[in-house]
Structures are given as structure tokens and as C-alpha cells.
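Working notes, beginning with the structure itself.
Note that the chains take the letters A, B, C and D in the order they are written out, and that residue 1 is the start of every chain.
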Amino acid sequence: MITKRITISEERDVTLTAYLFEGGWEFPNILKRPAVLILPGGGYQYCSDREADPVAFAYLKAGYQAIILRYSVNDNAVWPNQLNDYEQAMELIKEHADEWNIFTDKIVVVGFSAGGHLAACAATMAKNRPVAAVLGYPVIKGDCAKSYCPTAPDVIEAVDRNTCPCFVFATRTDNVVPIQNTLDMMQALNRYDIAFESHIYGYGSHGSSIATSEVRAQGVEICSRIPQWVDNSIEWLKDMIGDFDKKAMSQPVCNRYANPNRAPYLSVDCTIGYLMELEESASVLRPVLDSIWSPMSYEDMAGNIDNMKLKEILGYSGRDEDIVRLDQKLCLIPNSKVN
Amino acid sequence: MITKRITISEERDVTLTAYLFEGGWEFPNILKRPAVLILPGGGYQYCSDREADPVAFAYLKAGYQAIILRYSVNDNAVWPNQLNDYEQAMELIKEHADEWNIFTDKIVVVGFSAGGHLAACAATMAKNRPVAAVLGYPVIKGDCAKSYCPTAPDVIEAVDRNTCPCFVFATRTDNVVPIQNTLDMMQALNRYDIAFESHIYGYGSHGSSIATSEVRAQGVEICSRIPQWVDNSIEWLKDMIGDFDKKAMSQPVCNRYANPNRAPYLSVDCTIGYLMELEESASVLRPVLDSIWSPMSYEDMAGNIDNMKLKEILGYSGRDEDIVRLDQKLCLIPNSKVN
Amino acid sequence: MITKRITISEERDVTLTAYLFEGGWEFPNILKRPAVLILPGGGYQYCSDREADPVAFAYLKAGYQAIILRYSVNDNAVWPNQLNDYEQAMELIKEHADEWNIFTDKIVVVGFSAGGHLAACAATMAKNRPVAAVLGYPVIKGDCAKSYCPTAPDVIEAVDRNTCPCFVFATRTDNVVPIQNTLDMMQALNRYDIAFESHIYGYGSHGSSIATSEVRAQGVEICSRIPQWVDNSIEWLKDMIGDFDKKAMSQPVCNRYANPNRAPYLSVDCTIGYLMELEESASVLRPVLDSIWSPMSYEDMAGNIDNMKLKEILGYSGRDEDIVRLDQKLCLIPNSKVN
Amino acid sequence: MITKRITISEERDVTLTAYLFEGGWEFPNILKRPAVLILPGGGYQYCSDREADPVAFAYLKAGYQAIILRYSVNDNAVWPNQLNDYEQAMELIKEHADEWNIFTDKIVVVGFSAGGHLAACAATMAKNRPVAAVLGYPVIKGDCAKSYCPTAPDVIEAVDRNTCPCFVFATRTDNVVPIQNTLDMMQALNRYDIAFESHIYGYGSHGSSIATSEVRAQGVEICSRIPQWVDNSIEWLKDMIGDFDKKAMSQPVCNRYANPNRAPYLSVDCTIGYLMELEESASVLRPVLDSIWSPMSYEDMAGNIDNMKLKEILGYSGRDEDIVRLDQKLCLIPNSKVN
């Protein structure tokens, strides 16, 4: 492993520290690697070492290149300095991607507390979007963010269809950053059907980082489940961005959106509830559905099946032959609810 | 182990099946056990065997007595039949508590899908409240509940300070019961400061039950984290209701409420933000806080510390001697925001 | 689940207790199940309840039918009473296999301490062999066995090519049954190339059973790894006997023997070291090997590759086309070392 | 983290690479750390990168300083070059212990395959002994070792009372280094009552290293349990050398020896079987034991209790008051079986 240190701003003491595994002939299938860009917490007053190297070690172990951004804090924590630091970091990583053996489309941002706020801003507002974000007990809401940095933006209102998938964890009894931040983030992600996984643990201090005994020795109380977030986030990332495989990285098994209800054109992958809300598609489907459930009608079934994809319904009903035929028709219908 | 089967209603085919470990001289410290009352799912149309015995086995393994309630379904699923079935089940368990070796104050309800709706109703509305509820991909919201049983109530509006602690899990891509149900439940629990733990897994079919290969063989797709809920719920229950220990059950390590902000009188365990909002307590605290942070004032610190308990703040500031003195004063002040 | 209790010998108080999951229409692919026959410990003086029901619950949870044999103990512990009890239990299970939904070729024996001795005897001596044995801190050696039952046999000398695969665990500091028992069993299994997995944990009391807090509350001290044996044994059994799959049980992924060095005829799956020891096969192989490694010879490579299968060596050397040709020749050569 | 690279021998290309976490004010209780000295495998022909950095990351994550020794290989693999390299590495680490924040009495050696041979030699033969050794699919036996390095020594015959505690893992189907190596090592460790933990997994290729998907992508087949060794070794090390705690490192909970049967003087911590074998102690104990078990004698009980400590027996028998009295007598008796 080699270490690269780059000063992004001498004046604001902003630095990038890259821990880079070199691979070699014994790793013939791994020409490039995904990377994590780590944003430690510290209430925008400092960048905590507890959420820097230990986090890097966890992802290095999993095969990631690990890069720590120590962004603008304290007097320099004037928005958008922090976000600009992030953008510069991403641009530097992309510039060095060949030299550093990094897939530019597999850069994950991992942030904690105030660094979680910055990570969530990266996920929702940045020009250089990460492929996914891991948010540890993050600051999300405007009022909470402003208590640490008066100019910091609210994340909730920035969530939209372009937000990257998020893994979020927190502890219910966090007395520094209330979990209302995490709960509202989940609501916003779900509103836009953005892939996420979340774990809210029963109790534990703020700032548990990777929750090893080394970190806990500093007085962090945790419940037994908290250390799971590390491996869980690594497994979730495999689902979202693929994993090392015999020949190359495997394909992701999970999409950003649960269904294409917001795609420009309709399809059999839209949910039946959505398709039946639109007049054009409903008129195509009604005869088929009526024949499936006769003498009951779609309206009798609706409550139980509205969130299933049309394709699933047809499959369960033994109408596989209708799937292709209907998809061809639906593909021609613009999704009028999407602007 | 012995099995007891009791018919609660022959007409509505409501039955209680109790799997009871008998203990014996080799378990001298375990005179009684906690119990789970299992409410299988099935859309209020049937009681799924996939969420009955396998769930019982998981909690039996952990030392619980396991009791399955097959409640009113299909034509008999007319509210409040199901809740009445639950109340009768709880009363039967309490009646037999000595014979069945069960702690009457450690009965946990575990429900899935529609059974999760019933469990959540038990947690919020029942006369016989469980000590805690485990809710698997539960139906919570009124509109969702009514699609399975038109007379079923909304759970969200029933959540209040008397709701029992809840462990909730679901999968983001559930296409039968949308996770909006789970998200709204978490918001409601947090609004009333009720202890909870939640896990929303990245993807997986509805109805994963305990997610063993036996259950998955029926076509359930899951992500790798889902099976964790079983052991996680058992560990969380140890935190909430205690664990088997050398002499007896240990004390719980986690309270229902994170702080006593809603208790009838104030105390040093209230959060500083709450105490400073009330004029009577603010006037007591202001001189102390001003002397701690001088020349800064409480207002300068507020954003970062409002959710910490006064006791913690005094401890961090080396003012341990003030804790007792201030508590004596605060204990005399009625909590005017609580009716 | 239903419970069946059968008295095998009223005089010697030998009983069979079967906990049987009934399945039903929701388990369409699971017409039959594997089973565990549980043999509790107790120094041949009694059958411990701590190693009966809790163990049954663990395997029931995994989809096994669980059957407990309470065999001859105390004054009735006169060999071969215990083994006869076992044989009768197996015959009863096979007789009821259709009624009880059990695969007769997937019955696993699980024994602890003295019950581990009985399980190991089943694995090595019984007429009705189990498909695999799970041995928890077992009594194995003759002298140790005789201290509990003077007529009990030594297991080590009974191990042979027909011994079933074994999963063995124990704790190094066991002060009741020394781990020398387990170590010698592993040596014997390896001598005959019988599939096994073993875990010797750093420290822990004798009699940890499934090591839940319920069991530990009786004064059992364990190290943190001991509870792993339960899930590890279940995963190992999946490797050895198959797992529940979408249509039926999957095929095992692990063979009883690492290689066919002791089969009646030779093949390319024999290890190269073994084939080169036998004159007939060595003369077939030498020209091929010499051409591969020229100017080095087989003897130069031997130390590093002797345990690899000939097929592997040819594959690594790009001689795939030789595999079929050589296998045809080797298949005609009787394995002269095997009687 | 900083990296230090030291060339031990330019001629033989022997290097030390130290990855050192710097700590800082946020780790006030962790002034020094334990360290792992990693010895990669490679058949004494090369030092595998697959068993270098990835292993370092795993232990760095756990709070260890991680140091990789690339020792003499290929033409330079002439014994005792490799052991000398190790000794120099240890001396360098001790010299830099203050600068590198390392406890000199908490240096663990971690070796794989041929590196496992070198680690086992360190554990048994070195001047600078490690506090514990983690041995992954190690080469142990003389014949196996000599196939990789004709001058390499046998480890088995070097095991004695001064051997350090060992954690050993391997896979049964390893076709490069037969598990007979591991089995014999366990026998030797047990013969001298040296603390160990061992895991032999059901199947898997040689060279699984930390068994992440990164490593497996190179064609390594493993069973599901293999990745456990990493965390298990870390937990075992906590038991053997202590863990990070609120004020400093905690005390170990496990001793090197299960009992002091080989100490210079006797005590109540010796096993009863051992004490009754020696005439001097037997004559002290006999009256007490006879009074406990009357009308039965020690001989009637011996088989079941010989491995228990006298202190345990007296405790179970309610003779706590005899413990101190007998210990005072036993402490005066030289352990005549020990030279």
C-alpha cells in the first residue's frame, strides 16, 4: 500500500490522504477498484481522527481504495467551502484514477455526523455525484446543520430523483444529532424511490465510528448491534455497485429505483397501481385484468396488489404470454405524470 | 417441551398453540421465562404457517416460551374481532402463567404483515399491553390496513406515550406492504420518545419470515442482511426486558424513554434544551451555565448540546457537585408542558 | 408442530421424543425434511435436559425434524444397551419416515459428552449409520469412555473408511472430558480421509450446549466463539447433505473423501503423489510429466504437488486434452494398495 | 497512518513495512498498541501480496499496528536465514517501540503456509518470542517443510512449555499443505498444555488469506465459515493479551496453561488427578476426600473428576474453608515430576 497526500487548500488546511493498495500480478482480475471518500465528523469544528483512519482500514480490508478528505472546518466552515472541498477531492480522484487504480464510476462517499451532512450534500447537490453514500448518524435537517455551521443547507429539500443510493445508520438515543435527521432522510429517499438501507440501533452514544474496542475505549457506549453497520454497508455496496468476481466486477443486483414508475415511458415493470391510475394504460390493461379475475374486477384486488409490477401479476396469473405483448403497447405511452 | 392447544373461538376458528419448555432441576435459576405471542401474517385472509412455527422455534431457542395465536381471518376478520382475540389470548396466558412458567410482565408480541398490524394495535390500543413488540414488514397505515380489512384501524394516530417499545424491520422493495408503513411508524414512535430499533434492508420479497433456506426455498428473494433480524431482535429484547443471569433475570439496560422530558416534574435527567425552554427552570440554571461557559453564554452553545441531559453537561464541565443541588431544585418544579 | 413420544424400553426408561414440523401447502417444495437424532450428555448417569430441547429448537429453526433419544443410563448403562437403543431409534424413525416427513438418507446424529460417545459409536459401529455426526465435547477414547461406563468401547480404533462425516467441537480447557479425545478423533478421521470440520475454542466450561444465555445462566463460562458452533454445524450440514432449494433439496457440495485414492480402481482424481507411488500408474504418467516439466522431472516438483489431483496438475499445465486420455488408462488399473 | 519501510538485507531483499496508526488526542487511553508481525506465505519461493496488505488491513481495523516482514525466499531461503530475518525484525520493532507506539510484550506473529512455518518457528525456537502466534494453513512437519526449503526444521519436536499460545486454522481439503501439519501441531500444543484455539474448516482451497471477495476472485473456493477466522483470531487475542479498555489495556482472561500441574511447586489449582498421582500430595488430600465422598472413596470418583482442579472439587463439595488450608500445605511440596 502506498499513501498519497495532496493539499487542496493550504489556507483552509484542506487535505486529501489516499491509501492505495497496489495489487500486482497476484490480483490479475482486479485492475481497478472501487473507492471510498471518507468525510470524518466533528461538528464542522474539526475533522475527527476517530472517523478517519479506522474507517479507511475497514474499507481497505474489503478491497476498496480509501481516501480521507479533511475539509474546511472551524473558521473556514463557511458554506459552500466544504462542498467545494468535496468537489475538488472528487476531481482529483478522477484525474488520478488510472494511477490510483480506481473506477471513476464506483466512488462511494462515507461521512459521519457533520461529515454525514457533507456526504448527504454530495449525494443530493454535488456536481460530482458519488455512486452511493454511507451516512453515519448524519446531520441532515437545516436547523440541525445550522447549529454547527450557520450557512449550511438543509438536505431534505434537496433530495430528488437524482439522489444516489444511501446507507444510513444511527442510534435512537443519540443526544448530539437527533435521529429525527435520519428519519426525515429516509422519508425523503422513499418519496423519490431512491434505493436505501437503514439501521437505527436501540441505543448508543453519538460518534461510535466503526465501534471496535479501540473506539469504544474512549467512553462510547453501544448496544451489541452497532458494529454490524460496517460489514452490512460493505454487503449493501456489493448489491448496489457489484463485487469482485472471477473475471471482473460483477453486476449490481439492486437498482436505484424499485420500479420505473417515473421513467419517461410506461412498461410492464411499472406497478399495476400506477398503470391503472393513468387512463391510457388502464384502458389497455382492463380487458386483460378483467379476464384474469372474472367475475371479480381489478377494483376488488387493488388494495393488495397495487405495488406489484404488472409483470409479476401476469406471471402469478399464468399469463406469461401477455407480458411481451402488453410491454410493446405500454412502451409507446408517454408517462404523463412525469414532467 | 409440551404443547398446549386452546380454542378461543370455535365459531371463528381462533386457537392458541403454546410450546412450553419445562425446565427442570438443571435450570435452577430459571423458574419462569419470558414469552412471545406470535401473530402470523396472511393479509387477514389466513394465518400463514410460514410465520408461525419457524418463528416459534427461533424464540424457543433463545429461551422464550412461544405461543401462536391464530386469530380471526377471512370472513371473520371484522375489527375488533382480531384485537379481541389478542386480548383473550393475553388473558389466557396470564391465567396460565404459573402453570406455563411465564413472567406476566415479560410477554412480547411478534407479528408479521397483517399480523404486524395486529401486533402494532396491541402495542398501542390493547388493554393487555405487551412489554415490547416485534413488527415484521407490518401493515400500519389506515389505508393499507383497510385494503386487507375494511374495518381495521390506523395505527399511527394511536401511538402515544403509553406505546410499548418496538423492534421494526422491513425491506425497501416490499411490493405488498410499502415501507411507508414502517417509516411512518418510526416517526410516530420518535414523536413520543418510545424506545425502538429498526432495520430496513436494501431489498427482499415480502414475507421473508425468519429467512432460513427452508423459507427462502418457497421463492423468497432476500439480501444477505435480512436473517440478522432474528438475533438482533433477541439481543434488543435483552436490552429492553433483561436476560437470563446467574441468579435471575438481569435488569434491562435501556429505558422506554430516552429522557424524562415528559415526566410530571423536572430533573437533571431532562435535556438542557428542554429545561432552558421553561422559564422556571431556565432561571435556576442560567447562573450556573453562565459561570461554566463565561464569557460565552448558553445561547452560544445551545445548538450543539440541547439534546444532552443537564447531568451530562455538568459532568463534562467538572460540576459534579452541582448535580445533586440542582436536582433538588428541579424536582420541585412541575413540568408545565405536560398536561 | 406435533410431538410424538415412543417408549423404546419401559424397563430401562428409554424414550424417543419427536418434534415434527407439519409443513403444509405453504411449503410445496419441502415434502420431506432431514432430521437430527439428538443424544444428550450426562456421563451415562442421566440424559441432560440442557442438551435435549434447546438443541432440538436450534435444528428445528433450521428446518430439521428433531428427535431426542433418552437412552439407557445409570444402572442400565451397560454396553451395548446404549447402542442398541440408538439402533432401535433409527429403525423407528425409518419406519415412520413417511408419516414424519423425513428423508431416511438424511438423518444426522448430534451428541454431547457421553452422548457424543454414543454418537461417535453410531458413526463408526452402528448398523444404521447416520449420514453425518455432530459431536460436542465428545468422549472418544477408551479410557475416558470406561470411566463413565466400564463396558463402553473405544471409538478411535473403530474409525475406518465407512465412518460418516463428522463435525466436532470442544473447548481447550474442558476439565471433564479432555480435548485429547477430540484431537485423537480428528487424527483418526484424517487417517481415513473422512470429511470433517472441527472447532476447538480457546476456553470454556464443559457442557456449554448451544451456549445461549439461558444455558450460560447455569454457571457455564464460555469464550465468545462457542455459540458459533450451532450455525456452523448447520452450514456444514448443508455442504454435506444439501439444502432446501427452489425445487427440492440441493446436491451436497462436499464429498466424504477428499480424493479417490482408496477407490478400487485408479483415476485422474487420485493425487499425483499416490499415482506415482504405484508402479503401474507411474509408468503411464512419467512420460507426460517429464514433457510438462522438462528439463526438470517429477521428482523436482514432488514435494509441492503430491497432494494435488492429477487432473488439477494437468489443468494448471494446459494439458486438458490429456485428462480424458489418461483417465481411460488409469480406470483399468486396480488400486493395488487397497485390499 | 504513516508507513515506515526498513531494509533488513539488501542482498537478500528482506524488508520490513510498518503501517502505524498515529492516535492523537482523541485516543487518550491508547498510548501504545499491540502489533502484528505478518509473515506472508509463498512456499519459501516468494512472499505473497495476497497475505500481506489485506491481512494488515484486518488487524489495523482492530487497533493493531501492522508490520509486514518480507523474508528471505527463493535462492536465499536457506535456513536459518528466514528465522534470522524474523529475529532482526523483532529487534527493530522493539527498538522503535516508543516511536511506533507499540507494546513490546504484545507483539503477535501472523503467518500463512510457509510463512506459517516461520511463525511457528518463531513461536517455538526464536530468541525473540511473540506473545502469541496466528498460524494459517501452516507448514509444520519436517518432511513438508523440507519440500519447500530442504534445510527447514521440523516444528513439532520444538514445541515445549515455552511455546507461545497459538491460534491455528486450515481447511480439510487443502491439497498443498496437508492438514496433518495442523493436526500434529495441535497434538504437540496439547501435550505441553499450551493455550490454543483451532478451526479446521470443511473445505476450501489453500491460500484463502482473509477470504474476502477480493481474495476469492482469484479462484479461491471456500466454505462459508472460513472468513470467520479473522474476527475469531482478534477475539481470541483479546482473551490472551487483553483488549483496549476505558483506562488502559485490560488483563487477559485466559492463561497460557490450563492448570499449574507443571509449576515448580504444587497448589490447589493443580488437577486432582495429578495431585493424587504424587505420593506426598495424595497423603495430604486423602483424609479430606474420603470425608467428602464417604462411604465412596476417591477411586470411585476418579474417572469423572481427574481433570478438575482441587479448588473446584472443594468448592463444589462445600469445603471452601479447606481451600486455603490445603493450598498452604501444597505450596511447600516440590513438584517432583518436573525437572
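Here, contacts are C-beta pairs under 8 Å (C-beta built on N, C-alpha and C of every residue); 3 or more make two chains touch, one makes a residue touch a chain.
All values derive from a computational prediction rather than experimental measurement.
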Third chains touching both chain D and chain C | none
Rounded to the nearest whole Å, what is the centre-to-centre distance of chain B and chain C, using the mean of the C-alpha atoms as each centre?
-> 42
In whole angstrom, how far does the Cα centroid of chain A sit from the Cα centroid of chain C?
-> 44
So, what's the distance in Å between the C-alpha centres of chain B and chain A?
-> 28
Quick one: which residues in chain B touch 2 or more of the other chains?
-> none
So that we know how the chains sit together, what is the shape of their touch graph: line, ring, star, complete or other?
-> ring
Using the touch rule from the top, collect the residues of chain A that touch chain B in their complex.
-> 43, 144, 146-148, 167, 172-176, 178-180, 183, 186-187, 190, 195-203, 223-225, 228, 232, 235-236, 239-240, 253-254, 258, 271, 302-305, 307-309, 312
Name, in rising order, each residue of chain A that touches chain D in their complex.
-> 1-3, 19, 21-24, 26-30, 48-50, 53-54, 56-58, 60-63, 210, 212-214, 216-219, 238, 243-246
